[in-house]
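Both complexes below contain chain A, partnered by chain B and then by chain C.
Take a look at the complex of A and B:
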């Protein structure tokens, strides 16, 4: 039976390493586009993840190997009695200091990424200057408020603000910042492809910035269980070239100030409704 | 360890119970409260007629003359699998359904050639991968290779599946607005069975357009629990709307039939009629009812169905749409001021409900109003909608526009009122310019202090 246990404990590190190695091939990895993050910050976050994965893998495989070795020796050793050991100061120092050092290293190593991601002082300046939209999470949808074309987003709603729901458009090629709010309970703004996740809290306005490294349509989901309809709280974030983004805003303006006459969503020039606004 | 008989039984019960849980529950459309208050002899034919015309959630029925896209698909029999004599069903291999929606179980299948021509079978099982259909054996049908058939209600079934996934838990299986989550919501989910929808682009007397309902599904209703379903495709949204309107038609047909009968044959009237004062015997009432059922009921049913269908068809015509006669009046301070004076005037009486400042606190919210359906006073102060829910007038400062925030949306709310609510239509009494002035004033309110 002893050898059986050896095999048992040998099996787990082997299985863990094997499943990790094949994970990207069978789609068990991060979602979207071959597991690569769709933003540079996301790739740095992934780097942290892989670093921690490697460290824990080495520790896990190492301890399992020692365990199996000890068991194997015990199985083949016919000595009838065990010997008592009353602590080993040196050993204890080693197994306290090494993990402590690793943790300290990780804590210091991730600081830059954390600061770039979370601390407003380190946000890209261009993004902070002109937040592109205010995002209001509510049960169970995402509502967006953009400033009018050429204007700056104000704290309070303005009469020429543009609104949309469950479809956020952002320009490609520059970092963008949004103001995150919640109307009711806690939600979480989660864009898995960009590795962006930020809780939305009622009563707070939280700035979040991101920059996709290629244009495309990305999922935006709620990552905080917010009620029975949590699962349906999803939206699309469409990252598109600047000119397409401007066209979108123009169309949105036309639609929103539509007075029931004339054509909407003609691609060029302002409409009569825009004209009446002035 | 000794394993007793009781242990064995317990062990056997576990898989049995879990198997029992897999069975599809037999869900039926519910009938309205009024239908159930009819005397049983009167309720029975109403229910029968509804089941004949509309079927049940898992056995939909096609009925000619409704403005619903049922979605037929033509198919043909490729081969018939040999079955034993005592087996109750026939398995057939079919062609032509490869592009169809992959869930056809429960749908009616009408034979268009062969022995069973004109006869309708129900699809008991359908295997999309192999193209196998199982139907009940009956004396009327004898499928042979080459026979053609129509599978009916394919589109409706697609809409039903989407509805059941996305809408049913609030709006209920029959569109009656009492799904499992409905009790937690305020405002409560809409009961579709009156066929009345609040946010429409149509004239005061018209129903909602298909596009109006589609927009509500896509954009959601801000300020309520109706979320946006923008990530559904246009095709899915139109299938859902198609199904919702069909549910409405069912509910309205039911209402029309019951309204005909309710005055004379409700359980309450029956008790009155057979009391000492009424002086009739139950037998006499039953005779009278029987006569009505034979002579008039078929016509009533036909009229109910056709009038409801026509109303839905008319709503989608061009002239049902509210289109302003003039473009929006320039949103100037003068225009807003004209709008404000109109708002406060006796002509519109806006302030009596929405309050002089537009805070939704007009004097009407302090009165006891009469329920037009029962002619009794409501037990709560304030305004009520046609569904019997208390309805505070909107606070116009909040910047939340349930029916959309475009100027045309506000214009249409003013022109046609909000259907099913005390919000009146000003379409006839105010000119286009006056309406636009009001729009400009109302839409400026949320931003009064924001600059």
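Take a look at the complex of A and C:
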């Protein structure tokens, strides 16, 4: 029976490794059928993930194999007594220093990615200068506030600001920064395709930057429990070429300031003449 | 009245334990008992009862994830008659909140510190009881107000719905969620009571371990179990006050409007803007300053117990006793400076995150060292696969997964992606279920003969183990894949989002595994109750183990030992020549020559008691 148990403990790591190897083929790996991250930063994060995956996979297979082999030996031990060993100083040193070095390497290796990702000093300058929108999370929707065309986003809402709900448009081909805030409880801005997540904390305005490397529509979900409707904070981020983005903003301006009589009410808007022609 | 054996230590036999009076009537003996063994058994049954509650809540969560918005079987129709048996989203938030709360605060922490801490500390260090028996009793009885408060919170609208982490603002203001009203206040009272309970326990354990060790029991002769419980007690004593204070601040925020945790100007659920000036992040710091060490509170005692059990089952001294002690201390001390890794995405200063990354990476090291030492303990051992061994190996095998998946989370850019997804759920279930609960199953099987004087059934034990092991891996391993896919936690219906739609079959598979695992626990209960009355009688030392508790009768009487035991050696002296035995107990003065047959004085002394 002892051998059967050894096989039992051998079987599950084998199944685990097999299912991990299978994962990218059957859509269990990264979202959208294991698609590459949609940003360069995301791809660097994926690279870090795969590096850790390789290291941990080696350790996992190694420890489980040694464990099963030790069990096998232990159960077939024909000696009258087990070996009387209390420890081994050299071994302890080896298996402290090697993992310690690997862990320290990982800790230092990831710092650059983190700095580029979150520390404002390293944010792309262009993005910091002109934040594209302010995102306000609330129960249970995402609200977006863009500055009027040609203007810069102000801290306080302006009369000519543009608003949308659950659909954020950003221009393609340049890094964009958004200001994240919350109206009520905590939420979290999570775009799986770009590997971005940042909590929206009431009382704070948190800058987040990203640059999608291909145009497209990306899911935006909430990743911090925000109440009973947490699961349904569904929104999309649409990354589109600059001209389509400008068209979108123009259409938004029209919709928002149309006074019902064929005139756009906000006179101070730069695009007024175009809007009235329609 | 039989004659006592002459004391091998030359010390006085314990006829009148000084710690407390011997129990008188039924009530002082079995209910308001001050005897650590009775309190331990009270803790055991209370926590097992709570395990049923927590498990049922988990199955309800799994039901919703596998069959969203379908009528819940058995209890659905009468619980949610108005919704046609459906789980409503607000009820779902309550389900996972209470699953975590019950499992952490009412099952794992009390079964480790309460049951095994109480039972084993005096027995393993050779004391006749705890230092403060009445405080000990109070520690158990403070669990009941906590259970009552948690129970009460179910009955108010929505139930506590802010997650076990109870993050403000959701948990702080009544208008934030249906469950954030009175239910949340009761939940916080529950946390406070359970905190008092743990606190009294930890003071008692520390005092007992420092002051009441038998003669010769130096710190470095203490069994690893005692080290685990000792370090846990220290963690509790230093970390818990922070949570208790934080919880109290949240209560005053809710009841007195103290505004610790909410800033001004929030418009929640169309109520008037809040008057504030507080900061929600403060709670996260206070909470995780306790709750990260709490992870080790839920792990270190098991690490200790598994060390002793593995060594006994492999008939081999523990490999690297001192490195084991030092790595445990390292885990405990580093455990205090890694709380920030729960908050990488929280909006805390990102530069601060770097420091937490280094500390978090480094805390993986002592865990790795422990794993290698356990494997080395098995290496060259002489083992037999009984239920205890199997559960210990499962502990080791699954702890490796939980530990390794932690490295992903320690690297902060990767953590940002995995934070609050199912990857983290997989990680902590591998640690808390895979490691801790399998260790607890092993410990129940191992110390049951000492608690009740009878052995547990091996066949039932093995069947329970196999089903639980398969069920646990079937439930928790696929969670890694859900996390990879970016499925967030705490979603009542993840399939609303296009990129998660195809995960339904996997969730159904997990739910079926979870149901299998849930029903397997019935075998554990049958085994416990059957063996309590009809199991084969165990002698003093059924496992041929070396530590002091096996020198006492099974079950030990009032005052535990016949004599104050004298300790001559370290805790895991197996694989030695001692007559025809391969072990020498801590209380044995010297080994017998190989030719002699050890006289089994076990039965003589047992009949005496």
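Just so we're on the same page, the second predicted complex is superposed on the first by the 258 of 278 C-alpha atoms of A that agree within 3 Å, B and C clash if a C-alpha of one lies under 4 Å from a C-alpha of the other, contacts with A are read in each partner's own complex, and residues count from 1 in each chain.
Everything below uses one rule, namely that a contact is a pair of C-beta atoms (placed from the backbone, for glycine too) under 8 Å apart; a residue touches a chain by one contact, two chains touch by 3 or more.
Just so it is clear, the structure is predicted and the values come from calculations on it, not from any experiment.
A.B. asks: So, A:260: does it touch chain B (first), chain C (second), both, or neither?
C.D. replies: first
A.B. asks: Applying the document's definition of touch, where does A:13 land relative to chain B and chain C: first, second, both, or neither?
C.D. replies: It touches chain C, and chain B stays clear.
A.B. asks: Which holds for A:197: it touches chain B only (first), chain C only (second), both, or neither?
C.D. replies: It touches chain C, and chain B stays clear.
A.B. asks: Return first, second, both or neither, reflecting whether A:58 touches chain B, chain C, both chains, or no partner chain.
C.D. replies: neither
A.B. asks: In the superposed model, does chain B or chain C contact more residues of chain A?
C.D. replies: Here the partner covering more residues of chain A is C.
A.B. asks: Looking at A:156, would you say it contacts chain B, chain C, both, or neither? Reply first, second, both or neither.
C.D. replies: Only chain B; A:156 stays clear of chain C.
A.B. asks: So, A:165: does it touch chain B (first), chain C (second), both, or neither?
C.D. replies: After superposing on A, A:165 lies in contact with chain B but is clear of chain C.
A.B. asks: Contacts for A:111 in the overlay, against chain B (first) and chain C (second): which applies, first, second, both or neither?
C.D. replies: In the superposed model, A:111 contacts chain C only, not chain B.
A.B. asks: In the overlaid three-chain picture, which partner chain does A:234 touch, first (chain B) or second (chain C), both, or neither?
C.D. replies: Both partners, chain B and chain C.
A.B. asks: Looking at the overlay, what does A:139 touch: chain B (first), chain C (second), both, or neither?
C.D. replies: Both partners, chain B and chain C.
A.B. asks: Where on chain A do the contacts from chain B and from chain C line up?
C.D. replies: In the superposed arrangement, which is not itself an observed complex, chain A uses residues 139, 228-229, 232, 234 for both chain B and chain C.
A.B. asks: What residues on chain C touch chain A, complex-wise?
C.D. replies: My answer: residues 88-90, 92-93, 158, 161-163, 167-170, 176-178, 262-269, 276, 278-281, 314-323, 345-347, 350-351, 353-354, 357-358, 361-362, 364-365, 368-369, 371-373, 375-376, 378-385, 390, 393, 396-397, 400-401, 404-405, 407-408, 410-414, 416-417, 419-421, 466, 469, 473, 477-478, 480-481, 484-486, 488-494, 496-499, 502, 506, 574-577, 582.
A.B. asks: Would you mind writing out the residues of chain A in touch with chain C in their complex?
C.D. replies: Checking each residue of chain A against chain C gives 1-2, 5, 8-9, 12-13, 15-16, 19-20, 23, 27-32, 44-45, 48-49, 52-53, 55-56, 59-60, 63-64, 66-67, 70-71, 73-75, 77, 79-88, 91-92, 95-96, 99-100, 103-104, 106-107, 110-111, 113-114, 117-119, 139, 183-186, 188, 190, 192, 195-204, 206, 219, 221-232, 234.
A.B. asks: Provide the residue numbers of chain B that touch chain A in the complex, in ascending order.
C.D. replies: So the residues of chain B touching chain A come out as 166, 169, 181, 184, 219-220, 222, 225, 227-231, 322-324, 327-331, 399, 405-408, 411-412, 443-444, 446-447, 450-451.
A.B. asks: Contact residues on chain A for chain B in the complex?
C.D. replies: Contacts found on chain A: 139-141, 143, 154, 156-159, 163, 165-167, 228-229, 232-236, 255-262, 272-273, 276-277.
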